[in-house]
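Per-chain numbering from 1; labels A, B and C assigned in written order.
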Amino acid sequence: MPYTVSTPVFEGPFDLLLHLISSDKVELWEVSLADIVDGYVATIAELGDGLDLETATEFLLIAAVLLELKTRRLLPGRENVEAEEEFALWEERDLLVARLLECKTFKDASRELERRIDEASRSWPRRVGPGELYQSARPDVMAGVTPERLRDVMQRVLEPKPVAKVELTHVAPVRVSVAEAVAGLVVALPERQRVCFTDLVVGVRERLEVIVCFLALLELYKQGCVDLEQATTFGTLQVIWLGENTTDVAGDLVVVEDYEG
Amino acid sequence: MTEDAKAIEAIVMVAEEPVGAGLLAQLLEITPSHVEVLCHELAESYRRENRGFELVKVAGGYQFQSRPEMAVYVERFVVDGQNARLSAAALEALAIVAYKQPVSRAQVAAIRGVNADAVMRTLAARGLIGEVARDDGPGQAALFGTTTLFLEKLGLFSIEELPPLAGFVPGPEIMDSLERSLLADSAPKVDLRGGGEADSDVTESTF
Amino acid sequence: MTEDAKAIEAIVMVAEEPVGAGLLAQLLEITPSHVEVLCHELAESYRRENRGFELVKVAGGYQFQSRPEMAVYVERFVVDGQNARLSAAALEALAIVAYKQPVSRAQVAAIRGVNADAVMRTLAARGLIGEVARDDGPGQAALFGTTTLFLEKLGLFSIEELPPLAGFVPGPEIMDSLERSLLADSAPKVDLRGGGEADSDVTESTF
């Protein structure tokens, strides 16, 4: 579907937001988000077939951020909000402000470009060339051009342009699932109690299998069956078995979902 | 300078062909004889100021050109100052015009996916392509074809002697829809090398 | 008129595109800075004589063009509809490419907050932007930049002549209103609807 969402006053969600905010029609906190959404929906309805999915998605994203910000402020018990969460919120907001500002900057710059284009379009350049008189003195641009070369050029022009494709053949199929790796570990670990990760994956050739084993360990860590120690960054990872010394634990483990590849 | 004289200077400066006194008169809403007087005065003023260009009256009308005494510089410019070979873009445009003539600038642009104005101008200035017709559609876009000079340079007797395109060539309907999807303005519908005889007639008789 | 000035007039008169000061200097065997001085004097003389054309510095060189005040006459004469206006969206994308080049489609889209494929295609078809490089990163995205035609269409000598982007950064009052709109903490403490409604009412009515 071609992208055609474009009206003189509005195009796209950032513009909408900018338009609403900077025209002072909207103090986001004073006027309802519902109004904005209604306005947007109305615009979309007007556009009809011109609706672009990406535009709509982007708008939803922004609307969600705003909604979240607003919800948190309006809901009781705000003082309990974790500092970290608050910080994340600030970051989100700063990011949004930065993007809106950047968008507005280029929007204003584009007006100046338009003004210059209009100005320059009132003059026409002379494009006449030296004329017949000097034709013979000009270098022969057709030197070396044969009918066959012209055909080759034409053939290349007519070739369908290659469409970019993601090459997947080098991706190895997943041999072991995380669930299987967990099942293997709960058998192997109780016997060894404490083992370093490199020893655990010795003999494993595929990098993917190493990753799967690591994910399985994380899963076990999450469930409190193992402890992980690493003295230094990139240092040796020690795996300590915390579970019972039997293999029964396997039965208690929450079913581990397969990591879809 | 009167407004009329200024207008004549402006129009003749950007005109690619000599402009007739009749046309100038019509554009300025004055009489052709008044145009003649003004042009004469302008030519006189350039001579008096000893400028490097002159306003001359040739068969078709008035045009600016470099003054003959400056020929040595112009020749240097023509020999050294310009590209000695066609750019890849120009060669592409030339191939398209050769195989699809008559064809508009917009169609060439659509097939190449980029603007073709500059390269078409270069090709026309080199005498390799020329306007052969006007499209019937709105806007009456100029349609271009190759010239006899083009045939001479390639050592061809007629455009029919161009080597046929081998392998898969999209049929007219595919090309048509491709163009329509790419064209911003309404593209003229052109028979794509279907009427071979008619095409070559146009080409040969026009140049 | 000196011989050099005359030669410049003659050469620029027959050039199909702007002629650089370097090339003129080479052809006349004088220094580029002398060329600049002579061209400036020529431009000044046309202005003084109130001629219908002017000598301008555009897209890397000098060229003759009709004077803007004569647009009304030249318009009647030039009949190509190539100057269809660009949409606001296309202009914005053009501004982003102009100031941030080389830049990928994705980067343009990220700044504008909407898909940029269609407008970028339009701009390329108009010859205002073109692929200038490929990104090193995965996917090797095409990177776009502005063209010589872009400079011509804006009457710029080079891309450095673009007005500084800093001049368009929104003023503090816009920034303030943006911040205020988005800032949770500075939200009005008093009730929002004027009446003495309870919080829950506000909540309901505002969402």
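Please note the rule applied: a residue touches a chain if its C-beta (ideal position, glycine included) is under 8 Å from a C-beta of that chain, and two chains touch if they have at least 3 such contacts.
Just so we're clear, the structure is a prediction, and the values are computed from it rather than from any experiment.
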*Find me the chain with the mean Cα position closest to the mean of all the protein Cα atoms on display.*
C
*Please identify which chain has its centre, taken as the mean of its CA atoms, farthest from the centre of chain A.*
B
_Computed distance of Cα centres, chain C from chain B, in Å_ = 28
_Taking the mean of the CA coordinates per chain, how far is chain A from chain B in Å?_
48
*Mind pulling the chain C residues that touch 2 or more other chains?*
13-17, 53, 64-67, 74, 78
*asked:* Which positions in chain A are in touch with at least two other chains?
replied: 124-131, 134
_Of chain C, residues touching chain A in the complex_ = 13-17, 53-54, 56, 58, 63-68, 71, 74, 78, 83, 86-89, 91-92, 94-96, 98-99, 111-115, 117-119, 139, 152-156, 163, 165, 168-170, 174-175, 177-184, 187-188, 192, 199, 202-203, 205-207
*State the interface residues of chain B toward chain A in the complex, per the touch definition above.*
13-16, 63-66, 74-75, 77-79, 82-86, 90-92, 94-96, 98-99, 111-113, 121, 125-128, 150, 153-156, 161-167, 169-170
_chain B residues within the chain C interface of the complex_ = 1, 5-11, 13-15, 19, 23, 27-28, 45, 49-53, 64-67, 69-70, 73-74, 76-78, 80-81, 109-110, 113-118, 121-122, 125, 139, 182, 184-185
_Complex interface listing, chain A residues touching chain B_ = 124-131, 134-135, 137-151, 153-155, 157-158, 161
*Touching residues (chain side chain A, partner chain C) in the complex*: 2-6, 8, 11-15, 21-22, 24, 26-34, 52, 54-55, 58, 62, 66, 69-70, 72-74, 76, 89, 93, 96-97, 99-114, 116-117, 119-131, 134, 164
